[in-house]
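Each of the next two complexes has chain A plus one more chain, namely chain B in the first and chain C in the second.
Let's look at the complex of A and B:
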């Protein structure tokens, strides 16, 4: 068995992950559970990084620990932080325990059949993976193999994942932004009294700090998108950070301030335009005589020398991913935080 | 241009959905025609491919051109990107899904305008995205790509169901939990297969998996197989994972239910067939001691339970939902019989049941449109009020019962033959019982709708005003009902030895 570099560290992380998962499940206050859940995501992020999957770790940090915690918190803001239901009886718990134990035992039964940890000869590393590692430079001029697999070799999956984000956004919009929610926008006056006495948007420190941070966040996000060819990152991570910068603006000032800059219509149109850009790049390839998403044929209409076409194609679709993800995050946050009313919220 | 046909099937609804999402903000009237156009392009491509595949065999399409590439250390070339495949197993399903989706889109327009007035900005886009996901599951040749399409179909169907009022939210939420669980199991299963196989391409995996088990069975591949099958069962509402389906499809808007009920479950059955027959093989399934009888008993249970619960319902939509659950039992049972007539029956029933369920939900939708509800008690005199709709309804029920020459008779014939050949008599009994129950329900509806009012043709009895559903709903319903008879009459050209389904079955049976 190949020796693990710092196995004590991995053991600590695994113990902490399980611990955080148990705590987050057992806390009765949902706000506390959400925060612990965010910590759980950070631990997962470290585990991914330890496995060498830095792109996955990056996504986990941005999405898992970052915006999804904000989404849970804004959902709690509009519902309730206390659980209403009572836990089931002993028989129910025993039944669930039995099912979970059996499932776990079934999953673990395959363990002796697995290749060793980090085995370079294991099928996952020996069948198609060597092709990616050997050819990513000659095919696409992209040193970061993850980016070339994500946006080129398996670019169709990424187009569809972007579509999934788009669907999530319009689904939440369709469910929350109803006629009743719209009509409530006109009568917000009486609700001021219900707002908590401590209004975070009044905090000078929070406002000034976020005013200072947001430009740097956005600059970093643009770097993450543009530099995704060479280092961990890309459209998803950069898009989430861009979205998070606007969400921070909405939280530290208020939703009205954000909606003054980005109207409901422009947000929802931009969400669709990212997917459109991605799909249109693919379609352009078909019209130029290649297969769908075969960026090579775009060479005549892209700048640069011939063998850079794939690299530029990847950049274009990453920008598409970034746009959709960024505005989806913002639109989902506004819907959840204002319960579809688009006036005020978290 | 023919080599681009497979991708047009997906791109039609996908591009239409994105454009419809734009149109929703500028010209809401445009979004429905856009979706119709996209679905029509998809249907035309799928139809053309049926003939191409029937003559020329399997059509492969490599996204980004990442087809057969030589890999260091491997003697055979591998597909390093994503492949979409149209072969004998899925070409009919693709045509059926895109065709039924197109007809349903025409049919649903009036329902959407009345049921969802003011909220339909993204309905057309979500509808097209659902169809994109379903077509994608049916066409893809890559097990991970299948998962992504599954997510697209699932997410859009949660939204389409939640468009209904009040109780639809809870129904959609239950479906979300169950659907996510199914997707998680499926994804875990892919992980187990990838650890052993090292690729995600279905064709390449079908070559690799037998070589991995040359020295004896692999536990990791077994666990992966079971996880994927359980995931697919949860997605298709197979017994005992069926709890979410009746409420979800009953409380969903009629327009959503009429596209979801016929297509979503059938496509999940196809995914199971693809994993069973192409990724793994019929020998592998027969070699699994104890799993095959369990699957067959569960199928019998699904049919019996679905049939009996449909008898206890008082809402026509609910009854139809329990029919869907029992029909899933037909197909899963047929697939797990793992013999020639069983597989033929399952594959034929996949297409036939999509058509039957579609016709059934369309007819029910017409009734709901005029009567405002679907309670059995409210159906009094409906045969005099809507004679054309009810004709279509009776034809559909006849197909579900299995009356020749409708398609339902032939699929049931093959399934019973397969069960008898394998000696699985409980499945034969369940199939016959299910027909009996459907006949009882048909007679009950005839009794309420025809007999419980004084016959208006007799002098002195009050005349009942004829009021059919609008033509844009009635014509698709009639086309579907007529299609059931046409499909039945053309059974021979679909299931004979040298036909599409015949070739798919023999490809599955010969390793």
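Let's look at the complex of A and C:
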């Protein structure tokens, strides 16, 4: 989509971004800082959209403004809403200032080595980008170049990104979920009761509205994953929206209600199975006689004739990414909201 | 049709102005949320209706775009008041005092 060069709008957005960043740093109440941080992410999302990077804007809106705000709020809910840092002495402040200045100087000293912004002669723009743009249709039958670069030309990077999400989930799990054995021996009846037992004082309106919205959210997320070849979107964005729908379920009803549908064990199995699907597609390529993640050789076992194999390979990989991201988000939220106890949420 | 669209969008902007004034001027949490929730929803809906008027008369497959905006209106119409309600509820649980005539 060609964006009109309305530079006043860009200037306004940049000013707002800097303003929100400063406000969220200087606010003493952490809950307010979290909200301002969400607004900051949303402004960044608008800037990405204005630059034509719609895929990035999509991710920023879903992750930055949406789910990460929920994560921060649930973390604050379980800790404390006011900052309690003790200001250090003068030496400490001087030391911090020195470190920051030195790091900044080093970063700035590397700046002249970068190519000019938008320089058509720079290596990235002169060699790689034209190849992707010219050949994505003939190679992979994927009109959205971002998707073909993400999942095909640079499939290794995306595999490792998915693994990073997986590792983050495992890390939060292993830090917070430490009371499994204890709670099972202490009060076994509480653990067995997985039927909806939400607080009746909770709002009926919120529950009904969520019940209405969640199917549409999930339908849209499936569309985003499946249509990522043609329009902005893909596994990460769709997975985050799917995860957000389940988080909404957990917030508007109860954690137990969610865990009654997706048990803890199945959640973790699914988180792992997404990465496994991605890696297995790569291994299947090796077994069929090609390189790792070289989808062309999958042609005999995938539907569609001829060179559609790469397109279908991308779809398989995106589904893997979607599954991992979705259930990672849910698992992280459950852990953060209940402080690893899995008994009650926000 | 275009004139209708401009009328609708201007109406929406006027309602937004009212929302902002209400949000800044009302004395307590509940009346502020009242201004924000109602005005915000109505003005967004009216502005989007104006957008439909502009978009759907441009011919071709653009009526489909209008239909999508209609769906967005539907979700805003349900989601925004629900969010306001949830915030009111949270405010009540957190113990926000409603404003009375005799309170300072």
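Criterion: the second predicted complex is superposed on the first by the 281 of 346 C-alpha atoms of A that agree within 3 Å, B and C clash if a C-alpha of one lies under 4 Å from a C-alpha of the other, contacts with A are read in each partner's own complex, and residues count from 1 in each chain.
Just so it is clear, contacts are C-beta pairs under 8 Å (C-beta built on N, C-alpha and C of every residue); 3 or more make two chains touch, one makes a residue touch a chain.
Computed from a prediction, not measured in an experiment: that's the story for all the values here.
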item: Which of chain B and chain C A:272 touches, first, second, both or neither; value: first
item: Which superposed partner A:129 touches (first chain B, second chain C, both, neither); value: first
item: Partner chain(s) touched by A:175 [first = chain B, second = chain C, both, neither]; value: first
item: First, second, both or neither for A:213, with chain B first and chain C second; value: second
item: Touched partner set for A:163, first chain B, second chain C, both or neither; value: first
item: Touching partner for A:93 - first (chain B), second (chain C), both, neither; value: neither
item: Contacts of A:205 with chain B and chain C, given as first, second, both or neither; value: second
item: Comparing the two partners chain B and chain C, which touches a greater set of residues in chain A; value: B
item: Residues of chain C that touch chain A when the two form their complex; value: 75, 78-79, 82, 85-86, 89
item: Residues of chain A that touch chain C when the two form their complex; value: 203, 205-206, 209-210, 212-213, 216
item: Touching residues on chain A, where the partner in the complex is chain B; value: 106-107, 109-110, 112-115, 122-132, 134-135, 152-157, 160-161, 163-164, 166-168, 170-171, 173-175, 178-179, 265, 268-269, 271-273, 275-276, 279, 283, 286, 290-296
item: Contact set on chain B toward chain A in their complex; value: 4, 7, 11, 14-15, 18-19, 21-22, 25, 61-66, 69, 71-74, 78, 80-82, 118-119, 121-123, 125-126, 129, 132, 136, 144-145, 148-149, 151-152, 155-156, 158-159, 162-163, 169, 188, 192, 194-199, 208, 218-220, 222-224, 226
